[in-house]
Amino acid sequence: MRHRNVYGRAWVWRALGAGAVVAAVGLTPVASSGAGASVTSRAVSDSSALTLNGAGSTFDQPFFTLGFYEYHQKIDPSVTVNYASIGSGGGQGQIEANTVNFGATDVPMFSSDLAKATAGTIVQVPIDLGGEAISYNVKGLPQGLHLTGPVLAEIYLGQIANWDNSALKKLNPKVNFPNESITVVHRADGSGTSYAFTNYLADISSTWQSKVGVGKTVAWPVGVGGQGNEGVAGLVADTPGSIGYVELDYALKNHFTYFAMRNPMGAFVLPSKASVAADAALHPGVSPTNFKIDNLGHSKAAYPICTYSWLAIYQKQTNASAGTAMVDLFEWMTHGGQKYAGELDYVPLPSVVQATAEQALSTIVGPSGQKLLTKAAIAKYGVPSGK
Amino acid sequence: MLAGAGLVFVALLVGFVVDLVVQARPAFAHFGVGFITGTQWNPVTGHYGALPFIVGTLETTLIAMVLAIPIGLGAALALSHLLPPRTRVVLGGAVELLAAIPSVVYGLWGLLVLAPFTRSVIEPAVAFVFGHAGPGSGAEIGIGLLLAGLILAIMVLPTMVAISRDVLAAVPADQVEGALALGATRGQVLWRVVVPHARAGLLGAVTLATGRALGETIAVTMVIGNTPAFAHSLFDTGATMSSIIANQFTEATEPFHLASLIAIAVLLLVVTALVNVAARLLVRSVGRSRAAIALA
Amino acid sequence: MSVLSLDPILSRRAEVQRIAEGSLRRRQRRSRIALALCVACILVALVPLVAVVAYTVERGAQSWSVDFFAHLPTPAGISGGGIWNSIVGSLIIDAIAAAAAVPLGFLIGLFLAQADGRIAGGIRFAADVLSGVPSITVGIFAYGVLVTTLHHFSAIAGSFGIGLIMLPVIIRSSETAIRTVPVDLSEAALSLGAKNATIARRVVLPAALPGLVTGMLLAVARGAGESAPLLFTAIGSQYLTLSPFQPMAAMPLTIYLDGIQAFSDLQRVAWGTGLLLVVIVLLLSITSRLVTSRLGRTRR
């Protein structure tokens, strides 16, 4: 066979070697700036730009996506926020492992969770307030059918398996229910939305309380699991005959039909900004240890399945600029930024809760113990939001 | 320097296995054998039994192989012995391109295209065959065990076809010609001479395809419905070992939750490693053929 | 022989012929059915391929536009968003993974092609095992090694996982490519007085280059499509990030995260990204196939 001049291929090796050297030289400044215990980095282009990383609740995701976008566009373009919507359980897990700057969870962390934190004390800040819409995808059924908690519990327990059943017919006598089996959709991941939902079910059904209980992850007796609020919404949208619980914005954006739930005063109420606000107004003094706002009595206009969502941030920040950026961002998110929450049909935080948030944010200190939320920042960002 | 590279590689792998085993040990220590036989997966009460996921993995793999083996074998026979040469190259190449499509695209297509089709056509047909009982009972919602098995079958088919084809093509021509000379029809030659001759290699192809099916994560997670419990019919949703890890890993903060998930990963690793090694031994026994090289 | 004794032989012969013909027809019929089934099998095997590609093209092409490629994602409901950050992110993550896996894989492949002892057998076994490891376990390893220790989700943790997936492909194809270099080339160099390292560098590797390039293309095609290792390492981002020490978007991640949503505009983004990924992966596979066949032609 013909021997080619293989010595002519030496250029391949020279090129590869040169490429490796260039790559090494190019990566070194990136490596030296990024490595280390600091959880933030400066983008290569702008020396003052800052990236914050957060993870957690999918309940918050629509509000966070819009809020962080608007903050970056209009308030402070040097701050970009990455938010990984992995569920409240994920948010708690990741802030405990200190892999993110902040976690977001619809159910506050309990003392057993806080004990697992690896970088000190965690401060919890209420960030938004919303309702859970019990959505259904059944052809021909109108919007706003009546439903009570006990019947909902029976459906999720698997005791009612078909849309054509006496309980639903009794609540909605004029409606023709088709003979279709009910596909229950719940969360596959650890979810604060699930926590609020199971908290409600346990409240109104002793069977649920004893058989299943309350939690971010429970042993669901029946049903299909979706990943995040997004996954549940996806499954409800794609599965005829399904029922699922999602944060209200998901139901509205996807044009779901959802139930009007009976509240403790006997009225059937659709989830909406007004009805969730009415519910929250019944318990303004929420705190991480006293957070349940499901199923409160004394208001005919209140929607019974609602929850606050909480940020989890380390009290002692190791990076002063990142910590300052965070408290400024969240001061804005809990005040001026609530306008965007309102646009997405979350309920803007009541002023009592805004004060609680501000108080929590002001306990956050930097590496040398200095308070990071300055009076100037409060004046700039803590403008009370309009309704 | 070469030996150094080899050492780095082995160190990496050993580190891999050790890291997983160390993290999984608390679960095995606490639950013992009950981890593998336990039927409850309940992070609230702290009971972690992996059996639902082991069974889920086995069931989806079984459905996939039941479909992929006959179709794959038939296609491989066609490619190696029946089709004219140019058609062989084109169609064979097309089947191999199936293997190149990323798993997440299969998952997306499965969730958004095949699931509605399964719900409206395939599941009613299967229910009819089983008389709406047993494997054919339950609500027909599209996603679930059956769909996961279908997607897995599609994903392991290229492996099955490619390796089988090479193994079948390696059967010596004199065997084939001798049988033909004795008056056998082409079908008889294939079924009674070629396939038996390539038995070991075909078994290797099946084993390799099974290994791929056992370990597949993303596509299955997207279509199986993520219910951490046993599936009682083909239409039920369930979970596999890899899908439960994908779902719950980032949030596992309860005691033993993370260790249990990693313990499942260790089980999966052991099973797929054993199956893969068995497969390669079987295929290599056919000789250093194109098949062995094609295992890339 | 008398006419009387021939007759039974003839009639027996006629009888046997009749049976044989009947058997032949039956066997031919059965054979034809079996062969038709086999050909049907290959058509059945191709139906999903055509279906997946057709749907991906149809739905993905709908979202392709200049905006789609050049812009960053926008929140659901705000139009004009794109996947520029996912494209760049995939490039960065896969480039870093390849930069680590390709040299290491080459060296190990070279070692395996030349050595044949117990150690080589062990390394080959290890590479085989690694190639069958489910990608989710690779993700767990990468999380433990690079995410919890650096207290970050980062692209580099994702690259670590993808690199581990690329490695066995490169090892095996390098070994094969180097083994197919005719031994007389290196023997000629040896007889000219060249040292082993020189032979490897200037004779064997350049001659094996097409095969090595094929292996690299296949490995990149495989690594670029993996999303499980990225789920808890690079974890995704809404912004364009260039630092490997930050979370980063990537095409397979975007497909997964957007595909499971109910928002139809996000589903469209998933399809569009899926189409792009399929096009890239198919191009890489077809290119590597062409390189291999060209290699085969020059060798003969």
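Letters A, B and C mark the chains in the order given here, with residues in each chain numbered from 1 onward.
We take it that a residue touches a chain if its C-beta (ideal position, glycine included) is under 8 Å from a C-beta of that chain, and two chains touch if they have at least 3 such contacts.
Keep in mind it's a predicted model, so treat the numbers as computed, not measured.
Chain contact topology: the protein chains form a complete graph, every chain touching every other one. The interface holding more C-beta pairs in contact, when A-C is weighed against A-B, is A-C.
One inter-chain figure worth recording: chain B and chain C are separated by 16 Å, centre to centre, where each centre is the mean of the chain's CA atoms.
Measuring from the averaged C-alpha position of chain A to that of chain B gives a distance of 35 Å. Counting only residues that touch two or more partner chains, chain A has 55, 86, 226-227, 238.
Multi-chain contact residues, meaning those touching two or more other chains, occur in chain C at positions 260. Counting partners per residue, chain B has 111-112, 250 as the residues that reach two or more other chains. Within the complex, the chain A residues that touch chain C are 1, 3, 6-7, 9-10, 12-13, 20, 23, 27, 30-31, 33-35, 37, 39, 41, 43-45, 51, 53, 55, 62, 65-66, 68-69, 80, 82-86, 97-100, 226-228, 230-231, 233-234, 236-238, 250, 253-254. Considering their complex, residues 55, 86-94, 96, 113, 116, 181, 183, 188-190, 213, 215-220, 223-227, 235, 238-239, 241-242 of chain A touch chain B.
By the touch rule above, chain B contacts chain A in their complex via residues 40-45, 111-112, 115-116, 119, 139, 141-143, 225-229, 237, 239, 247-248, 250-253. Against chain B, the residues of chain C that register as touching in their complex are 24, 27-28, 30-35, 37-42, 44-46, 48-49, 51-53, 55-56, 104, 107-108, 110-111, 114-115, 119, 122-123, 125-137, 140-141, 143-145, 164, 167, 169, 171-173, 176, 215, 218, 221, 224-228, 231-232, 252, 255-256, 259-260, 267, 270-271, 274, 277-278, 281-282, 284-286, 289. For chain C in complex with chain A, the residues that touch the partner chain are 74-77, 99, 103, 147-148, 150-154, 182, 185, 188, 201-203, 205-207, 209, 235-239, 241-247, 257, 260-263, 299.
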